[in-house]
Every structure is written in structure tokens, then in C-alpha cells.
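Naming follows writing order (A, B, C, D, E and F), and every chain is counted from residue 1.
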């Protein structure tokens, strides 16, 4: 169960309105790697966890914290929209206003009435296809590390695209939290890898896995630059030796059975033209 | 530029048709972590890379290989559909046929005519919101490691849900390749981390990041199980010390400006009722 | 900012596993009118509100409560999945197991590993196109009343589709909360309507609105059953009189200008054939 | 069955082209609350209705009328696109043209060739997840009232964002129709509420609903501003008394069973570390 | 503007309920090639047409007719749902009921209350990404011919999957209409091709198109079966001669510039390691 | 199985960066009719084909070639982004930079770090709902001809919207390939039509199709312009005679059964009010 405190976890006070930047900030609120993705992913992972109470608590700690990050960004965006997005009938007179108007998101004026939206920087609605909670902690912590990595990268890019000190201060807080969270998932991943090995799921019996395919890089793109990567000379993370081989097929040419008549698929024309001596497919 | 060889990279020969399992297999072809996601993600990362030719070549090697995995699964699914999905008017007479019919995907009969579809196991179309190519290799290799982890997990689950030896053989090949690819991305991540540090992007100046927030776990879910995690006692992966603190706000209660009249938002009612002495918001 | 307590707001203890019902329950967790829609809609409305602190607090009260409802349903679904969804290789031997397997959601086995998902009962991911926060409270409270109405309806339907007393108990709690929330939004709507009138937005100047079109029902579907509705004989909710008229056009036949040559649209063929005396469009 | 008359229901004649406003107008054609949503919702509600012929006729009357509103907007948008959207190679020379070009929707030039699209103002395709037809009229009429409220709000906002008298005239017609339709659904809702009560569905037996939860506001957001709402002192719309209580859990801490081995979920680590005396979860 | 007549264009009377077939029928109502796609595509093409009034009228004739096909299918589906979809608590006792329950769409019970939905056979909402109205009639008529071809194919498949004479009769009407519409678009395409040539858009100047690439089949998939297609020996439809060539690159290896520092992309590591004599990329 | 060559199939060298055009070019990479749609559609059609090896080979030839077109466009877009998309804090000072910044896609800066994305020109992710592989070649080749028609149209429009000679050269290559592919599918369609007739699927027995509906144009839009189309006077493509008739219903007014009580649908009110003599529905 959840409770809310009115104070923001961190201030969200831009020096001046900037509807164009408000549009861009939506990316880290409602985009693929925005805070909505992050809090949802952590909460679902926590709720679904079966045992492992320390990690369950950690997931609920951070998932709960991240809702506050959406709140911070929503507030920041609402304040950046305190400007002239409705004075759009004057377009073409003043280039500076034009830049604002054509670079802002029309839905901030028409749909949300100067409020933040659960959408990304181009206006695509957030959807849960962005997130995962698989029940396997090692797989999921790797998903989490990816999310904090992409998220911190995006906030760092946005930091360089504004000169508003208030906005920069809020973004630097979010960057700092992502630093913590990258550290946290790296440490958690190491913890799990030390217990169960680096290849997940560790519970799939190794004798069911054909070893001739499990440690070979197949060169399928002409040129052998990839063969010079240093780690190819070292044991693989799971201890085996990696080989570098030319990509090649191990299977045969597939030939499918004719379709059921009720499929109304095109009938095989070879059957009709079967006297053609040059057709090697017969 | 690309070229195609008719042979499959690996055989895809089920012993018998099984339209219900064909439906399930769609998950690892066209789902969030299916082979379509994997090959698209690698190709876009490779095409967009600016410098770092060894990794560019590696991404194109493996991205190209993964198209062949879609081909293998498409063939496997088509063959699993060589059964009675069209004999559906007989429903309710034979329980075994009923199970097949009600557990199969109707679109395999109506839309694709006994062919595989670029959709997941419940029929949701694949979309590119599943993948990422950010230009930052460390972030993207973590995305790749996640994808191979979730992917191998899903194939391992499917392996346990069939007893067809032909299907199992193909799945074990895919599991083996995912073993290789997990190893590969772990090694690549270590390579990059050794060069630029574990927190990405490494190019964001550390003095711009408020250090009081970057190494603290905030306890926002009642109970302190998370405080007992072993790694909390050790230095963080980036070398700093992590503190465990009670979650608390650093910001103030947000109060937004009234909306522009053209927004037609609800007017603040406090202004009208301003003589109310008990309203602490004034 | 948010905080989490480990206890559930209400128990979620089914008597026995039922993966088929778990699939159905996803509708009220991650469907169009599921709890995810509800908590997101309330939180965004609360965060975006400009003034009107009593309602802002109410929205944050209930938005925060509703996250707990997602948590309840996620727990309920996870427990309903404590069954045999992985024993799927035996299909066709036992009709009862077949029913479970073909009626369950394969992603509960392949993707979430026995956990709830942020998706609906057919597996479509939740997306934020389901919700609204417009900044206009009267409009939004009507959206909220609709959501609680559809939501209670769906839970009531699900209540009739199970005979598990544990599940029924949890559902009856959710139904009771929706009773409260319907009452709450009806009361809030009345409050706002009494202040600003029933037609929203009330701030659009009435003299800009052509009155001949604002209180007429146009009969566009043959038959006049609709003319017999009792409320047609009474003043409209905003006090005007409603007329019942035959649907008819007030505009003319539209004719568009030819396209720009760079559009490569089809050229108007009439220009070429302009001597045709029978073409009434010339 | 449907028939079409060539005349528009209302004129759609802008004074001059304005591709930037054409982009914005797409919101009320193909957005969440655009005319496509409205006509589709009414037609599906009408087609699915079982009995209640007066309302069925009303739904088909208005659903049919609303297709004409899409036609009006499509014509208006096509005419607003009669401008220079293809002269885009000259960008950066003339600020006024730049504003047009960067503020217009590139798909109006590339995809639709100067025509309207079934998409919203940022280009997201319309989807039927926006609409509902539940079979329960009271729930659905509340959905309809919401739709007409959000729709009128959006058109009113757009009205303030243009100074083209032709566009304003068309928009004022749409606003007037939405006035009618808000009145209509309010009256219809009152009609149904007077027959079956205000809480829907009215057919769920009240004795199955735990009354201790059905009329309590739970304060889950710190601060008690919401407790001062006037309607809290009055009987609820359904006649009961509403209480204001502190949010608190009624359930226990959930603990899930370990996963099936075939799930390959992470095993509970507590089992391994079970001698830890400080872990309160055991 | 549109008008509605209560009679269906054709009867929709199944002999008996069949919720499983109702689920399947949704494909041709709200799927990629369902009637919703068809009527929307024709209406948008008609509304956007600039000149060419005969074809504009034809598009509006058929677009208007097709709304009636949605109405027919919605009625058929509602009647097929007149069965036992709510008696789901008895599952596992009666195999025949189980087949119905696990093969039916839970949303028909939970969401639409025994009504049709604007979704496909697996429950994915209809979206306007399925349709096109480009302003170029030849391109669009080819889209229309495709739609009538895929649509007739899907209805023909469904015809073979039921033995209900009432359902079959309705489906045969829809098949007959698709026969007409395929004929119609083939004739219209021939008409346009005879006026402007077969390659669209015909208005792109042929001298701007490099002729060495415009009539060559590139063999990019090993094996030369495609070279034996009869039409390769004949002049191309536009009169030129087609050559059959081995696929090969005409461009060079792409090398991208380093990224802007604010992108925080990974820096080119070659610059650091530039003394490596074996790196051919330098 | 697939192999990659580093050289591009054709050069992709713009003369200068142009982030605004980069945004537009995304349409033909990741839009509804972009190269991603084309290569995916051809590969799935090829993989699913049952017999007909010549066409299977052709589909794999061209599907494989089209991956290279995505590669060309990705490279072209990356190079067009070699500009100032990150210098966005200076907005409003320089109108030319403003035009670039407000007309560019913010995700090229925030998400992809100066790389191409698998999305369209407004940023909507590619999804597989755009494509089809039905198993029926005639239907699918018509889908393919449509795709090459819409695709060539869009590239031709983009050609007219830039004056960069390097970009124009690449686009003219793509236009030339689309010329080839239109010719190819027209020829293939003729081949199939000559073997099985023009109406697809040809395998649906003609005696099951009511002939009175299969060759009539129904005039459902007032006015008879469509009756003057020349091809109405000629035999239909399948040899029959087409009639031109006034649209009219062949069915009756539908009346649905009352809903199951567990649906909680609104009860039929007519039953209650049954003494009303003027209600013609009784």
C-alpha cells in the first residue's frame, strides 16, 4: 500500500517558461526509458517476486522512489509551460514566438491544458511493452541496469540542451540518482552472478545445450575487424574458450508442405508444370 | 548490403504438427524479446556507430546472424501449423481437437494461411518501441545483454513446455547461441568499463553531479530488509561508499501558476472563496 | 513523494490456483479501465492542477490509494498462477488440463514467469492513450466517473465468473471502493456544475456559439423512436429548450483545389475531358 | 445501412491556407477525443444495444451525424493544406516560411498528399482503445458525456488559437453541437439514474458488497485539504453517509509461493541463507 | 453528410450461438483487413480527392456501403454471443463448455457485455496505421484492390471454419461484394494505367531516374530459380526490357563522423589506439 | 541464412547536414510504407511460401535486397544529423537555427544520439500491423504492388522537398528500384491472373457465391457521377456484366436478445413500459 507526501523529492523550479524544452523533457517522463518505465518495471518486479525478500524490499524501495521522479518531471514540465503556447494566432510576425510555437507540442495546448502528459517527446503514448518483470532476477537486474544507463544518458543529453539553471539543477539530481542506481544494479548483478554463474537462466541443464554452438562467434559480415577484439583471446566470462568462425549453415534448405485446401493459399505451381526439366526444386 | 543462402542456419523439423505450440513459439519470434527485436537492435546499433569499427563489425556479424534465427523460427512455426487448424466446425465433439482449436491462434488460420507472423504469442504486432540504439556502446551493450538474458530465459521455458524432440533440438541451438551472446556482451561490457568506468555516460562531468544524492539508497518501502544486502557493506562498483538512508523530500510543496484563460482550465476556486480562514494553501 | 507499506490494502488470497481466471483478471489490472488507468489518471490530474487544492488533495489521495489496488490484483494473479501452466507437453491426454492450458495466457508462462503483467485480458499492453488529464476539472471528473463506472461493471462481471470465495472477497472490496468513488465524483461534479453550469468549458463566451445548432436533436437514423424520450419534453439541463429536427445539411458540396505538382497526386481528369456535357460537376 | 449526401453538414471554408493549424486540427479529427472516437463509440453502442429502442435510435442518430463531423474536419484540413508545404528546400531563408515548414506535419506532405489523416495532432494513428461500448447504458452515457466534454474543451482551445474567421465559424458549429450533446447525455443519465440509482451496475446485489469500504474517503496523501470539501458534510448521491478516514491496510504482507522449476525463476535465496537470525521475513 | 436506415443491408442470423466463432469473426470486422479498414480507407480517399468527381463519387458510394458491412458483422457477432460465456465458474466439468470458454474472447464477457468490439480476432484494437489515402489514385486503387483481396480471402477461410448455415449465408454475401469490389478496382486501375502509364507516380520526370537500376532483378538469394520466371523473357509492363543480374554493391563502405560531444556517444576508440598497424579502418 | 557486405548497395552522401530533412526521411525508412515494411513483408512471404519455388526465390531476392535499402537510409539520416541538433540552448537568437531546432526530431538528439531510428517521420515506432503475408500469392503480390506504389510516391515527394544533390542522387536510386519492383509485381500478378483468374481466392466455389450481389455497384452516395465511369459499360475484368443500382437494404431491422443477467447490461426498459401504444418496436 502507498502513501503520498506533498513535498517533492527535489525542487523543480525553472527560471523561465520554455514550452519547447517542456516538449523535450517528456522523453524522460513518458518515453521508452522515462521514469514511468522505471517505476512500473521495479514495482512489477517487486510484486511478482517469489522469495528473496531483501531484493523484493529493494525493488519496492526504488520503485516507490521513482514515482516521485515522475512527479518532479510533471511539475517541471507544467512550469515550463507557463508561457505563450496559446498565442498562436500571431504566428509569422515574430520569429522568436514562431520558434516557440512550431517547436512546442500542440497537445500541451489542446489536450492537457498546460500540463504534463504520460507520453514521450514526440507525443507517442507510454505503453507497457517497454518494460519487463520476468521472475528471473539476474535477467531483470540486467534490464534494470540498461534502463538506468539509457535513462542517465538521456538526461545528460537534455542537460546539455538547456541553459536554465533551475532545470539543470533538477536534471543533475536525476543524474545523481541514476548514478546510484547503476551502481546498485551492478552490485546486485555481481551478487547473483557469484551465486549462480553469469549465464542466465542458470537452471537450464548444460548437457542439453550443444556445446559446439555455445562459444563461437560467427563472422557473418564481411571483414574480420571483430576478430581483433581483445576479449576473444581471453576465456569467456563463463570460463570456456571462444572460437571465431566463418558463418555457415548447419541446416538444409527448408521445403514446406502444401497448405490445407481451406487455407485458399496459392497452389504449388510446380505440380502443374512438372515437366519442366530445368527446375531443380522438383 | 545483404545476401541470402537457402540453407537454414539450423534445422527446424518438428516430429509432428502442434498448432498450440506454434502459437507459443511466436513469442520468441515476434515478442518483446524475440529474434526480430534482437536482429533489429543489433543492425541499427551497427549502422549508427560512429567509429569503433571492431564493435561495428561485431554488431553487423551478429545482427546478420539473427535474421537467420527469425527464418528458423518462421520455418518451425509453419511446420507446426501443418495440422488441423481449419477443421474447426467440428468443435465440441472431440475434446482433443477442441483443445487444439481453442488453444491455437485464429490468425494462423484466418490471416497468415498457416504461416508465421511478425507478432508475439498472444498476437500483438511487433513494434520498434522494444529496441534501442543510443550511440553509447556501454548503455547499448547492457541493453543487448538484457535482451540475450530475457531471450534465453524464454526459450528455456518453451523447451520445458514441449516434448517434441525436433522442436527441442532447434530450441537447444537457440539456447546455445544465447549462451555465446551473453558471454560476448559481458566481455564487451567489461572491456568498455575498464576504459571509461562503470557509470555511463562517463563523459558527464562529475562536478556537475551533486554527490550527496549519487550514492544513497533511500528506504521508501517500510521495513529494512534491503539494508541487509551484502554489497551495501562494500564499496560501490564505481569505488564510492553507499549509504542507506530513510527516504525523505528535499523539495517543497509544488504550487502551479493559474492557467492561461485560453486553456479553459478550471479557475482556482480559492480565489473566489478567499475568506476561508482555515485553508492553509492561501 | 511516495512511501510504501508492505501490507496489502486488502487480502488477495484465492482458495486454489486458476490460471484461466488469472488471465481474465488482467483486464481490471492492465486493461482500458483497469486500476493502472485509474491511478495514472488521478495522479496526472492531481500533479497538473493549477489551484483548487482541496480537489488536488483528493486526486492525490485516491490516485495513491489506487496504486495499492494494482498491488492487490498483481498478488491475486500471481497466486492464481501457482498451478500447472508449465505442464503443457501433456496436452490432449486430460481434458481438464487442456482447458486450463488452452484458456490460460501463454505469456504468464513464457514472459512473466508466473507473475502479473501490465496488460489486459487478451495480452495487449497498457498504454496511456486510455487516460486523460485536461486541466478542466468538470471534464476530468466526468472522465473519472466513467472510469469508475466501467471499472465497477467489469469487476462485477468477473465476480459472476468465478466461484472461488477468496477471489470473490477481494473483488467485493474493489466493487465497494468503486461505489465510493462513483459517489465521490458524482458529488464533485454537482459541486462544480453548481458553480459554473453544466456545459463545459463554461468559459467559452456564449455569444460566439450559434444558438440555432446548440439545442437541436437531428434525426439522422430513419425512424423517430428517439423523439419519444421523456427528457425531450423538459427543459435541457442548461435551461434551454431542445428541438427535434430532421437531419439536413447546412453547408454546400465541397470541392477541393488541385494539388501542388510536387504532391504527385492524380491530376484532375475533368480538366482533360472538359467537353463532356453530361458531367454536372463542371 | 447508411447513405451519403454530398453537401457538408456545415461549411468548412478557411480564408487562407495554414498548414500549421491543419496539423493542430487533426487532434479533434483523429485524436483520443476526436470525432472518429465519437462516431465509432456511438455506433458500436447502438449496434450492440439489446432492447431500449429509443436510446438505440438516439445513438444511431448521433453516431451517424458525427461521421459528418469527420467529413467537415477532413475538408477543412485539406483546404488549410492548400499552401506551401512542398516548398521546403528553401528553409532558413525566410523565417515566416520556416515557421510554417517546421510547425507543419511532414506526413501531410509525404504520406497524404495534402489530405487529412485519421491521426491526432502529433501524428499518432487513431486506435479503438480510445472508445467503449459496454452494454451498460449508464456507464456508457457517462463515457459519452466525458467525450463531449473533452471534445468541446479541445475545440474551444483551438478556437482561441486561430484568427481565421472561416475556421472559427466551423469550430463554433462544432462547439454548439457539443453543447447539445452534453445536454443530451446529462438528461439521459438523469433518466437512467432515476430508474436504477446512481451507482452502476445497479444489478450487483448490495449485500455482497462490504459496506464498511463503500462510503469512506481514505486520506492517503498527507494533509487534509480534501476533508474540507463541502459535499463530505452531505449525504452521498446514493443516500449513504460518507466518512473521512486515514488510509490504512486491511490486509497482510503478501508472500508468494516459490515458482515452478520450469519457470527458471530465481530460486529463493532465503532457503540457502536460512540461519540468518535477523531476517524478519522467515 | 450521412443518414442511417434501420434495416441491415443483409441478414445476420446465425442458427445458434457460437462464442468461439464470434471471436474469430472479429478479424474481418476490426482486423488489419476488416470492414473498418475498408470503409475508413474509402471515405478518407473520397474526402481528400482533389478533382476526379466520378471516382470521388465511387469512393463515397462504396465507403458508405462498407459501414453497413461493419453493422452486419456487429449484429452477427452479438447474436453468436447469445450463449454461455458467463457460465465460466463451472470450467473443467464439461469438456464441451470448456472448449467454448477457453476458446472465446474474455473481453466479450468482461468489456463489451455480449457485444462486438472494434478489435481483431485476438483482441488487438483497430488502428489507422492499417489504411492509406495518399491523394494518388493509382497508388490508392492498388491499396484498395489489395484490401478487397485480403478481405475476401479471410472471409472465404472463415466460411470453411463454420457449419452454421445462417453464418455461411451472411459470409457468402460479403464474399460476393468483395468479388464486385475486386472487379471494380481492377477496372479502375486499368483505366488510370491507360491514361498515365503503369508506374506511379507518373509525374516524376523519367530523366531524373537512373535507368541502369530501374529494370534489373538483383539476385540476392543464392540459387537462380527466380531467373526462370516466364515474364523475365517478355518486355516489362512499362515496355522496357528487364535484366537479371547478380546482386552487388554500387556504393562504398560507409564511415560516419564522430558524434557531437553533447551526444555522450562512445568516443571512437581507434583514435586512442591509433598505433595499431593491423587495423585496416584507419 | 544471411550474410553482410560492408559496402552500401548505393552511396548515401549528402552535401551538408540537414536535421530537418533527416526527420522527414524517417518516413521511408520506418513508416507505414518505408523500407522496413517492404523487406519484412517480402521475407515473411518468402519464408511462409508452400511450393512455388521460383516466386519463393524472387521474394527472398528482393526481401534481402531491401534490407540494404534500410541500411542506405540509416546511413543517409546519420549523416544529415551531423549538424547542430545539440546547440538548442541558444534558441530564439538566430531564426535559421531556430528553424532547424524546432523542425528537427528531438529523439534524434535525446534517444538515438545522432542515429537513424526504426520510426516514421513523426516518431511513431514501426509495427508489423503494416505488413501482410497471407499464403495467397495473388493477394500478396497486390499488397506488394501497393507497397511499391506508395513507397515510390513518398520518395518522389521527398525528392522535391530537398535541393541537396547528394540526397537527390540516393533518392533517385530508390525511385529507380521501385520502378523495377512495380514492373515486377505487375508482371507477376498478370502471370497468376492468367492461371487462376482475377478474383482471389480463386478456389472459393462460385456456386456458393450469390451472383445477384457479386456484380452490382450500389449507389449509396447521392448523385450519379460514378455511373458515368467508362468501365461500367464494359465487361468486368472477370467477364461478367456490372450493373449500377440504387443502394437498398436486403435485410431486416435487427433486434437483439436481452443480455445474460451476469452481463449487468442495462435491462430492456420497454418491458417495463409495455403499455405505451405508440412504441412501434413492441
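A few notes on this one:
By our rule, a contact is a pair of C-beta atoms (placed from the backbone, for glycine too) under 8 Å apart; a residue touches a chain by one contact, two chains touch by 3 or more.
Note that the structure is predicted; figures quoted are calculated from it, not measured.
Under the contact definition, subunit B and subunit D share the contacting chains A, C, E, F. Superposing the C-alpha atoms of subunit C onto subunit E requires a rotation of 120 degrees, rounded to the nearest 5. Listed options A-E, E-F or B-C contain a single repeat of the B-D interface, assigned here to A-E, on the basis that more than half of the contact pairs agree by residue number. Remark: subunit C and subunit F have CA centroids separated by 29 Å (rounded to whole angstrom). Residue positions of subunit A with contacts to 2 or more other chains are 1-9, 32-33, 48, 50, 53-54, 60-61, 63-65, 75, 78, 86, 95, 98-99, 102-103, 109, 111, 113-114, 122-125, 127, 129, 132, 134-136, 138, 153, 156-157, 160-161, 201, 203-204, 220-221, 223, 225, 228, 247, 249, 256-257, 259, 262-265, 279, 281. Every residue of subunit D that touches subunit B in the complex is listed here, in rising order: 153, 156-157, 160-161, 225, 228, 262-264, 276, 278-281. If you check the complex, the residues on subunit A that touch subunit B are 5-12, 32-33, 46, 53-58, 60-65, 72, 75, 78-79, 82, 85-86, 109, 113-114, 124, 127, 129-130, 132, 134, 136, 138-139, 142-143, 145-146, 149-150, 152-153, 156, 159, 168, 172-173, 175-177, 179-180, 182-184, 186-188, 190-191, 198-201, 203-204, 208-221, 223-226, 228-231, 234, 236-238, 240, 242, 247, 249-254, 256-257, 259-260, 262-265.
Across the complex, subunit F is touched by residues 1-6, 48-54, 86, 88-89, 91-92, 95, 98-99, 101-103, 105-107, 109-111, 113, 122-125, 134-138, 192, 195-196, 201, 203-204 of subunit D. Only residues 20-21, 23-24, 27-28, 31-33, 95-96, 98-100, 102-103, 120-124, 153-154, 157-158, 160-163, 220-223, 247-249, 256-259, 261, 263-271, 279, 281 of subunit B touch subunit C when the two sit together in their complex. Within the complex formed with subunit E, the residues of subunit D that make contact are 1-9, 30, 40, 43-44, 47-48, 50, 60-61, 63-65, 67-68, 70-71, 74-75, 78, 111-119, 125-129, 131-136.
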